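In what comes next, chain A is part of two complexes: it sits with chain B in the first one and with chain C in the second one.
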Partner chain A sequence: MQRRTIFKLAAAAVLAGSFGLGSAQAADPIKIGVVGPKTGPLAGGAAVTHFPNFELWAHQVNARGGLKLKDGQRKIELIVYDDRTQPGETIKAVQRLATVDKADFIMAPYGTGFNLAVAPIFDKYGYPQLAQAAVTDKMDELVKRYPGLFFVQGSTTSYAKTAIDVLKKLKDEGKIGNKVAVVNVADAFGIELANAGRPLFKEAGFEIVYDKSYPLGTQDLAPVIKAAKAANPDAFVAWSYPPDTIGLAQQAKIEGLDVKAYYSAVATAFPVFKKAVGDASENILGAGGVKYTPELEKFYKELKDVTGVDGDYWGNPVYYSMLQIIEQSIEAVGSMDRKAITEHIKTHKFNTLIGEIDLSSQRLQWLWTVGQWQDGIFHGVNGVNVSDGKPVRLKTGW
Partner chain B sequence: MNSEVRTFGIAVILFLAAATLPLISSGYLLSIGVSIAVYTVLATSWTLFSGPTNYISLAVAAFFGIGMYVVAGGIDLLPFPVLVLIGAVVGALFSAIVGLATLRISGVYFVIFTLGLAELIRQVVSWGQATMGTSSGLYVLTDFTDPQIYWALLVLAAVVFLIGWWIGRSRLGFALRIIGNDEVVAVHSGINTARAKVILFVISCTFASITGALVAPRYSYVEPTIAFNPFISFQVVIMALLGGVHRLWGPLLGVIPFTILWELISANFPTQTTLLLGAAFLLIVYFIPHGIVGLIESGIQKWKGDQHG
Partner chain C sequence: MEIIIIGLLLGGTYALMAMGLQLQYGVARIMNLANGEVLVAAAFGTFWFFSATQVSPFVALIGIVPLAFVVNWAIYRFLMLPLVKRAKNQGQLEVDSILATFGISFIFIGILLAVFGGDYLSYSYMASPVHLLGETYGLNRIAAFLGSAVLCVGLYVWLNRTRAGLTLRAVAVNPSAASLVSINVVNASALAFALGGAVTAAGGMMLSMFLTFDASLGVIFTLKALVIVIMGGVSDIRGAILAAFILGLTETVVAILVDPGLTLAAAYVLFLIILLVRPQGLFGRRTS
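Let's turn to the complex of A and B:
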């Protein structure tokens, strides 16, 4: 086992050498660490919702000369690592960024489990962690534990509740009946949403006429839709994931599923959904949504121009808004003093792409959680503490 | 006898040297150290069974995940050491059942079965969470630090080596080597092959479960996809084969260079990790087919030959 120690020392020497430790100078760029899955199960989602935002932001900041600090402007250099969708790797990558690369700032990783796995490290080294891609019902406990951790997504319950509220409103207005068919993918978020949804449907006065889960990766969704159709529902709700969200809509179109309201969860807000489902996507409800403004239109265009990615109508604008908060806080503090930056984030309000944000309670106070495809745009129709959503339209055929 | 005492002494010194790592570094080096410790236990215990018998098991992730889930499920109810113990017992019982049912099949059938096992358990756990109405992941919020987890893993590694050393010189180890060479001969020599295989399989899998249990607090949040990641199984097999499976210390010589190589690749070429790793594999298989142990031993032999010649 001495060999082990020798190897470690050798590795340390090699790593230190390859990074040129101790050569930092005032004119050096600000080093920003980015960790996320470039390979493994979550790589597909991260390629749209995670990585491109940082790329666009760094491009824009550098194009205007860098971040304005007290000792002059400094450009941004992104250091990007692949965590291969394994928390052990995320931990190592963040450790490497914090102690070997000596990153000035580290962006939160992608996925709930991955954010929680590195929260102790962010905490230990005093990096603020703005977790854009973490959904949990344990926010209270977690923000108390980690004073630099901010949650910038809703809770699971809020996604289920606001979606069901939309249906309840339609029912109360007499636009749809009280029979709902519910399906869910038997994995992570799908399970949580389904479990949160069941009592809420009952409370809202709905009768669940069909309730079934299907395994992640199910290729043939025809039986799911056929059985749901046979139950003759007024509304259809799928707590679904990317591949099946699209598959279900395509199958519903083929079967001519006759419902007045159709909701599917994750990935309904993605441009690829609209491409795959075509005009039949009109009036489909889903998780996410945006308040469509000229600034947002400009953001999508720039994202496409710089990174080649069509942004989604859910995570991308929120992610980018977080980057604006980080940028504004760094410039206000005027240095890379992480403690002061965290404090600034907690004590100020920020004007961002999606609107005014206040993170004083270490979590986002408002958020679009339900959207609807209307005339080719996924508009927000309901959410947490939002009131100016677009009126919900009924699904009228495929 | 003298040489054995000397080997043991060296091992103790090396162990103590490895134990000082958290005092040198609490950050990046330690996190690599934890990785190496995790895979040392997994690969060495994997080799205890698969080395002599030539049964390639891809079930490491299944038992690793079981240990992890025992801790995640009970962390609010029971003290951590008790949970680690329960994780070990559950892993042992489960591997005994699996062993009894599957160790009659051999060759590629056994490989496929063990690969499917991790997936099966992952699906059962997902289904359980879907029907019992908990969230998709379980939280393991503790105050354990990386040094503590590292030391625990190091002690576990020492236990694996001691048990491996004991097996190697016991009748059981002898029986397994005969099974690996020719199972028919083993049966005809009066060896209870099924019993020997199951005992070793249980020992091997129990260590995987304990490792999962010890690592759970480090992840804070345990999901089926994280706990039963099939990649863990593949990585263990690759590391063990790289080191060499016919010596107790062989896997260690695979784990350390592999971890460091991968670390260097992902630090310097973060977007081409998989590509470069694949190329590294090809080179390893082509140039060191018998593992690093084979390389060292043939080197020694050659050196001795030169001396005599």
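Let's turn to the complex of A and C:
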């Protein structure tokens, strides 16, 4: 019995060996590693914002024959790992992609903490790390430490500040009063936003009449909305996460929370928000936003056709633009020389789906960070270094 | 008054999560860690049904409940029964069934991911305000509360007034003694397990009206149900129902009078106190 097992193993090894030899030929696909949560708490967001972009991109590149390199065109093969929303698994997966799968390129994982956790590994094996789903205030520090790390995203404070600026403008124009009710989910991004927001509200001349947190996964948000309503605010701000972003809006609709400006953070830009809240989503403000162009409309349609996913109005277009940057850089370099690719990204400007992008500082220079549901689309109304946002509308009833 | 109503509505929600597990654990002695996934699957099914037809999601119960019954019966019959037969005592069965159902929960998650994708699913149904004693409440939550009340009363009456119910209670109290009075313990356990799954699925349908789901959310419901069932005492459904309402009221009192950030802490403090004072649960019997 034991001997037979050994024979089997030997046979398997021979097979694997011949397979390995075969894969060294020139026409073989470029192996691109993708890591992210297919299961666990972050899976719902990643299923929209993270995975479909790679799928669409690979589909499109392969449909036109592959990436054009010096030694001919090569198709893309995605190697996808589920990190189960556990940083330990993310680290293992990236390590495996780098050492076992010998991936030609590895896409950055999903989530701030996850990106920070694997930054040393990307650095160690010399892979550029273009992080889209990572929001932090430590970007400048981090990009100095890791020369291959790029943040295609804004900072925590920029999200809080631009949102509060929208409210301040409304207040200064006399459209809303100065009383604001603020709630936040007691989890990473929610806490960071709330902490960044408090002094900014004061600075902007707002009086915070209600300021409470609630635990992640709270199933009944009625007490939160009732208390916020009782404080009689002019504006309502929720630094929230996907399930509660929807829950809060549904509850606010039931309560008839009478505010002229309503903001909620993560997932307000998701199509499911509109589906769950219905027409009451009109004029709700949130994190994200897009400048809606015909190209963008085409992108959403292709995303839907190829992956079956309705894209969000926040991460998806930026993510896809980031893949365009990677694609353009690989083709310009003409090989999978990762050092040269990193250098190319740092020294060139790129034409992308969302506009011209310059990553010379290893950070995105401009970005929509506040959007508003207007006539069924989540338009950008404010952001970092953007000026042509749609005028903000007041929330008039539910 | 407002606090009591919100608390009762939340308690009803919790009862929906916990009653199914109570039946499965109390009678069939299977600590089913895949219980939350059944709930999520039912919510997904309802979502799919409602999106496709725009008919009241309550109609989906006609399909979901029998399906959950059959699937859970099959799980018990083919996956759990070998463990039951092999187990030398109840302790070993519990350990084995926890491991097995933990595995099943991953299979469920995989199937849900493959069929529905990993995206958040939510829809809007009966999300309109109802005015009660000068305060507003969500119609869908009230509907779920009423559904939960019907299930609670129905199960209680069925367990206490019918022969089949008596059989289940006998097995819950003492499986080996029940088999001495010619009760088919295997059949009774399979029935309880299947019924528990069906009740959980009905709960999932009702919760889907106001909660947002994704494929990985099941474990949250399993944990909540686990706490409630253990608080209530494993062998009596009244315990689980009472515990669900106590938990709902406690969380609401804390959220409104103290701070919404402390609801989780309050829930677990309550759990600890009950475990310290009555380790067998509110309605549990002390094992001799």
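Just so it is clear, the second predicted complex is superposed on the first by the 376 of 398 C-alpha atoms of A that agree within 3 Å, B and C clash if a C-alpha of one lies under 4 Å from a C-alpha of the other, contacts with A are read in each partner's own complex, and residues count from 1 in each chain.
Just so we're on the same page, a contact is a pair of C-beta atoms (placed from the backbone, for glycine too) under 8 Å apart; a residue touches a chain by one contact, two chains touch by 3 or more.
Quantities reported herein were computed from a predicted structural model and do not represent experimental measurements.
Looking at the shared chain after the overlay, A:247 reaches chain C, while chain B stays out of its contact range. With both structures placed on the common chain, the touch criterion links A:137 to chain B but leaves chain C unconnected. In the superposition on chain A, contact of A:215 is made with both chain B and chain C.
Once the two complexes are laid over each other on the shared chain, residue contacts for A:224 go to chain C alone; chain B is not touched. Residue by residue along chain A, chain B and chain C are tallied for touches, and B comes out ahead. Residue contacts after overlaying the shared chain place A:113 against chain B, while chain C stays out of touching range. When the two structures are aligned on the shared chain, A:270 is found in touch with chain C, with no touch to chain B. In the superposition on chain A, contact is made by A:38 with both chain B and chain C.
In the superposed model, A:100 lies in contact with chain B only, and not with chain C. In the superposition on chain A, A:308 contacts chain C only, with no contact to chain B. In the three-chain superposition model, chain A touches both chain B and chain C at residues 38-41, 85, 186, 213, 215. Chain A makes touch with chain C in their complex at residues 38-41, 43-48, 51, 85, 183, 186, 212-215, 217-220, 222-224, 226-227, 242-243, 246-247, 250-251, 253-256, 267, 270, 272, 275-278, 308-309.
Of all the residues in chain C, the ones that touch chain A in their complex are 2, 6, 9-10, 13, 109, 113, 117-124, 127-129, 136-139, 141, 210-212, 214-217, 220, 251-252, 255-256, 259-261, 263-264. Residue ranges on chain A touching chain B, taken from their complex, read 1-5, 7-8, 10-12, 14-15, 18-19, 38-41, 80-82, 84-89, 91-93, 95-96, 98-100, 112-113, 116-117, 119-120, 137-138, 141, 145, 156, 184, 186-192, 194-195, 213, 215-216. By the touch criterion stated above, chain B contacts chain A in their complex at residues 10-11, 13-15, 17-18, 20-21, 25, 27-33, 35-36, 38, 123, 126-127, 129-130, 133-137, 139, 141, 215, 218-226, 229, 231, 252-253, 256-257, 260, 263-264, 266-268, 270-271, 273-274.
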